[in-house]
Amino acid sequence: MTRGFYIGRFQPYHEGHHAMVERIASEVDELVLGIGSADQSHTARNPFTAGERIEMLTKATTDIGVVTYAVPIEDLNRNAVWVSHVRSMSPRFDVAYSNNPLVVRLFEEAGVEVRQSPMFRREEFEGAEVRERMAEGDDWEELVPEAVADTIADINGVDRLREVIDSDT
Amino acid sequence: MTRGFYIGRFQPYHEGHHAMVERIASEVDELVLGIGSADQSHTARNPFTAGERIEMLTKATTDIGVVTYAVPIEDLNRNAVWVSHVRSMSPRFDVAYSNNPLVVRLFEEAGVEVRQSPMFRREEFEGAEVRERMAEGDDWEELVPEAVADTIADINGVDRLREVIDSDT
Amino acid sequence: MTRGFYIGRFQPYHEGHHAMVERIASEVDELVLGIGSADQSHTARNPFTAGERIEMLTKATTDIGVVTYAVPIEDLNRNAVWVSHVRSMSPRFDVAYSNNPLVVRLFEEAGVEVRQSPMFRREEFEGAEVRERMAEGDDWEELVPEAVADTIADINGVDRLREVIDSDT
Amino acid sequence: MTRGFYIGRFQPYHEGHHAMVERIASEVDELVLGIGSADQSHTARNPFTAGERIEMLTKATTDIGVVTYAVPIEDLNRNAVWVSHVRSMSPRFDVAYSNNPLVVRLFEEAGVEVRQSPMFRREEFEGAEVRERMAEGDDWEELVPEAVADTIADINGVDRLREVIDSDT
Amino acid sequence: MTRGFYIGRFQPYHEGHHAMVERIASEVDELVLGIGSADQSHTARNPFTAGERIEMLTKATTDIGVVTYAVPIEDLNRNAVWVSHVRSMSPRFDVAYSNNPLVVRLFEEAGVEVRQSPMFRREEFEGAEVRERMAEGDDWEELVPEAVADTIADINGVDRLREVIDSDT
Amino acid sequence: MTRGFYIGRFQPYHEGHHAMVERIASEVDELVLGIGSADQSHTARNPFTAGERIEMLTKATTDIGVVTYAVPIEDLNRNAVWVSHVRSMSPRFDVAYSNNPLVVRLFEEAGVEVRQSPMFRREEFEGAEVRERMAEGDDWEELVPEAVADTIADINGVDRLREVIDSDT
C-alpha cells in the first residue's frame, strides 16, 4: 500500500489541483490532501475557511478512485519545523507531491521523497486567477470543478471575497 | 441532509467512543469526528499524534454506514473562541454531540444544538482506563476496536506511552 | 439601555473617529471603543501602545455625553474567531459600528447587527494622513482633538514615529 | 496627579478587592484596574470573560471617587516580559499595588514602586471562597458587591461555573 | 570532529549536570548545551532566566576542555516538532545525550543517535533538591559549582526563588 | 568588566557586521551577539537557521580577542516587550550597539545605553546585497569572512536561497 501526500491552500480547489490529484491517484493507493494555512480565512489570498475547503475537496474528489483524507494544516510560521508538523497531523505517507520549490526543499532536507510534475506551478497561478475573476465578475466557474462552484455559491463566497478585498485596498 | 459533529481527544479511539458514534450514525447522514488537542502528542494524557488518531478513526469507522470526516482541532487555550474555531475547521454541521459539560456549555452559549447521551462520560473514563492498562501491561485490546489495536501495534504505541509516562514521574 | 461597539486602531484617535463617535453617541446609551491591534506599537502603521491610545481616547471623549469604555483588543490573526474574541473582551453590546468592509462582513456572518455611515472610511484615510504629516513635519494637530495632541506631545510621539519609519525603509 | 495600578484576576470582583480599591483610592487621583488572565474564561479558576469582568468592575466602582480604568491584560506566559506587557497595555502609572509576592517581585526587578497592604492576600483567598460557595450552593452574594451579584445573575454565571467545574473532575 | 548535544533546564546548573558534562567531554570535540524552557523564569520550577543560565553554564564549563555552546531553546509545547526545533536552534550535532525518557524517545523517533548514562536521572532529582534547599535555607551551595553559586548570589537568586514559591502556594 | 550587546539577523554574517564587531571589541571585555528572528529560516530574507548562524558567528569571531556569546532571540512580534525579552535571553550587558533606529529607540525608551556608529547601516544594506549576489550567481564570497563562506558551502546554502526565492515570486 502506497500513500501520497499533496499540499495546497486550495483557495479554492480548482482544475489545476484536480489535474494534479488525478495524476497522483494513478500512482498511489491512498492520498492525503493537506490543506495549508488552515487557520487563515476571510482575506484576499485566503478567503475560505478550512472547513469550507474540506467540503470542496471532499465533494470534488468523490470519484477519484483512491481513498482520500482532507487534513487541515495550520501555519506555525517556522519553516524549520514545518515537515515535522505536517507529519504529526497527517496519516503516515510514503511520498510527497508538490510543485512549490520551498515545499520541495523542506521535504528533501527532511529526507522525504518528493515528486514534481511537468505542469510546473499551474495550480498556483490558477488560484490567483480564480480569485481575480471572482473579484472582477468574470467567469471563474469554468476553472473549478462543479462541486466547488456549488459550495462557493452555498456560502455566498464571491460576495465575501469582494468585501475582504475591499478592506485591503 | 443532516450532519453531526462529535468531538473527543481519541487517545486512543475506544469502544466507548465507538458506541457513541454508532448511536449518532443512526440520527445523521454525515458525521464529523473532531480530534481535540490535535497539537498534543507524546504525553501521558495525549500519547498519539493527530495523524495517528486519524488513522485509527478512519479504519475503525469504515463500516459505520455514514460519511465521516476526521478533522484535527488544535487547542487555542481560549474557551471563549473555541466554538468559532471548531466551526472554521469543520464542514458545516447541524447538531453537536458531547457528554462533556464544558463542551455542552460552550456550544449552548454559542446557540448550537447539542445532544447528550445517557451513557454519561463512559468514553472519558474509558480513555484513562485504556492508557492505564497499556502502562501496566494489562489487557487493553479488549477496550478498543481491532483496527485501533492494529494501528497502535504498528507505531509501537505502548512502548511510547510507557516512556513518556516515565518522564512525568 | 443600548450599548454600541466601535472598533478602530486609533493610531492616533483623530477628528474622523471623533465625528463617528459623536454620531454613535446620539444613538446609544453606552459606547465601547475597541482598540484594535492592541499588541502592536512602535511601527510606522501602529506607532502608539494600547495604553497610550487608552489615554488619548479617554481624554478626548470626556464630554461625549455617554458612558464609554476603552477596551484593548489584541490581534489573534484568525479572522474566523475574531468576533468571538471581541465579544469575550468587551462588555456586552447590542450593535456594532464600522465602515470597514471586513469588520462588517465578520460581524454579519456572526449574526451581529452592524451599522455603517455615509462618511465611508473617512477615519481610515485620515489615520494615514495624520501619520504622514507627523513624519513630514506638516501640521497634523488640526486633524486630532486637542487632548490627543497633548498626549502625543507628552510621550514624544512624533520623534518615535519618525524613528520607526526610518527603520522600515 | 498620581495614577495607581492594581492587578487581579477578579474572578469575580469581591469585597476583598473592593476594600483594597477603597484604600488605594485614598492615595491616588486615578486608578487602573488590570484584569489579569484576560484571555481565560469558562474554567473552574477563571469562569468569567474579561468583558464580563469589566462590567462587574465598572458597576462596582462607580462611587469610588477617583477616575478608574478597567484594562484587560492577556497572559503571555513569560514572567520576564510581564511588566513591559502591562505597561504597554495600561495608561502610564506611578505606583503599583499588589499583595502577590510574584507580582511584587516582578515590578521591583523592573524598578517600579510597589505598595503592599497589611490585609495580606485576603483578596486571593476570598476569590477561591466565592467560587467554592457558588459551586456548593452556599451564600456567596454576601462576599461580593451587589452590582457584581447582579451581573453574575444576568449572565447565569453560577450555572456556568458548576458546569465547567464538572468537566474538570 | 564530533559534536554532542546535551539538554537540560539547568535550574540551576549543578554537580549532577557537571558530572554528565565531564563524561560527555571525554567523548566529543565540541558540546552544545541546550537550555530548555528558555522562555520560563520566575517560577518555583524555573526560577532563572535563560540569560542567567547562560552565565552559569559558561563560567562553570570554562575548564571542561572542549568547545562549548550554550543555546537557549524556547518551549513550543508540541512534542512532535521538538527535535526539529532543537536542530534549527543548535549548531549541527552528531549525538544527543539525555537521561530523560521522553527526550530519548523523541530523538530516537527522529532517527538521532542518543546516549544514556548509568547515573540515571541524578541530574533531574538534584535540580529539585537544590531549589528545595534554597527555599528552606539549607546548604545548597555544596550541590553546585562555585561559579554557579556566585552568579546566583549576584542576582539575589535565593530571594527571588522564595518569593515566587510563596506566590504559588 | 564591560559587556556589550550587538543584535543583527546575520543572514548571513558579513564584513559589515564584522567591522562593527571589531570596533565594539575595542570597547568591551565581553560581547553578546544576539541573533534576531531566530525562529525564521528558509525564506528569501532569512535563509539560514539560528543554529547555522551560530556556526557562522562562532567561527568568524574566534580571533576577535574578547569573549563572545552567540544567543538566538526569537521574534515575539510585540515591540513593547522586546527589550525585556532580549534581556531575559542574554547574559547581562552594560551597553547595546545598533545602527537600526527602531532598536535604538526601543533600548532608549527602556533606559539602556546605546551606542551608534558612523558607518550608518552599512551592515543592513550589505545583508541584502549578499543574498542578491547569491541568488544571481555573482561573487558574494568577497563580502563575508572566509569561515562564513565555508559554512554556507557546507550546508549548500546558495541552492537553498535560490529555491526559497523561487517560491516567493
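In this document, chain identifiers A, B, C, D, E and F correspond to the written order of the chains, with residue numbering beginning at 1 in each.
By our rule, contacts are C-beta pairs under 8 Å (C-beta built on N, C-alpha and C of every residue); 3 or more make two chains touch, one makes a residue touch a chain.
Owing to the predicted nature of the structure, the values given are computational and were not obtained by experimental measurement.
S.K.: Spelling it out: a chain qualifies if it touches subunit C and also touches subunit D; which chains qualify?
M.R.: B, F
S.K.: How would the subunit E/subunit F interface be labelled, same or different, where same requires over half of its residue numbers to be shared?
M.R.: Same, since over half the interface numbering is common to both chains.
S.K.: Centre-to-centre on C-alpha atoms, which chain is most distant from subunit A?
M.R.: Using the mean of the C-alpha atoms as each chain's centre, the farthest one from subunit A is D.
S.K.: Can you check how far apart subunit A and subunit D are, centre to centre, with Cα atoms defining each centre and the answer in Å?
M.R.: So the centroids are 46 Å from each other.
S.K.: Compute the distance, rounded to whole Å, between the mean C-alpha positions of subunit A and subunit F.
M.R.: For subunit A versus subunit F, the centre distance works out to 36 Å.
S.K.: Going through subunit D residue by residue, note those that touch at least 2 other chains and give them in order.
M.R.: Within subunit D, residues 41, 49, 78, 80, 87-88 contact more than one other chain.
S.K.: Kindly provide every pair of chains that touch.
M.R.: Those chain pairs which touch are A-B, A-C, A-E, A-F, B-C, B-D, B-E, C-D, C-F, D-E, D-F, E-F.
S.K.: Residues of subunit A touching subunit B in their complex?
M.R.: Contacts found on subunit A: 38, 41, 49-52, 54-55, 58, 69-72, 74, 87-92.
S.K.: Help me check something: in the complex, which residues belonging to subunit C touch subunit F?
M.R.: Checking each residue of subunit C against subunit F gives 39-43, 49, 160, 163-164, 166-167.
S.K.: Taking the touch rule as given, give the residues of subunit D at its contact with subunit F in the complex, in rising order.
M.R.: 76, 78, 80-81, 83-85, 87-88, 110
S.K.: Can you name the residues of subunit B that touch subunit D in the complex?
M.R.: That would be residues 77-80, 100-106, 109 of subunit B.
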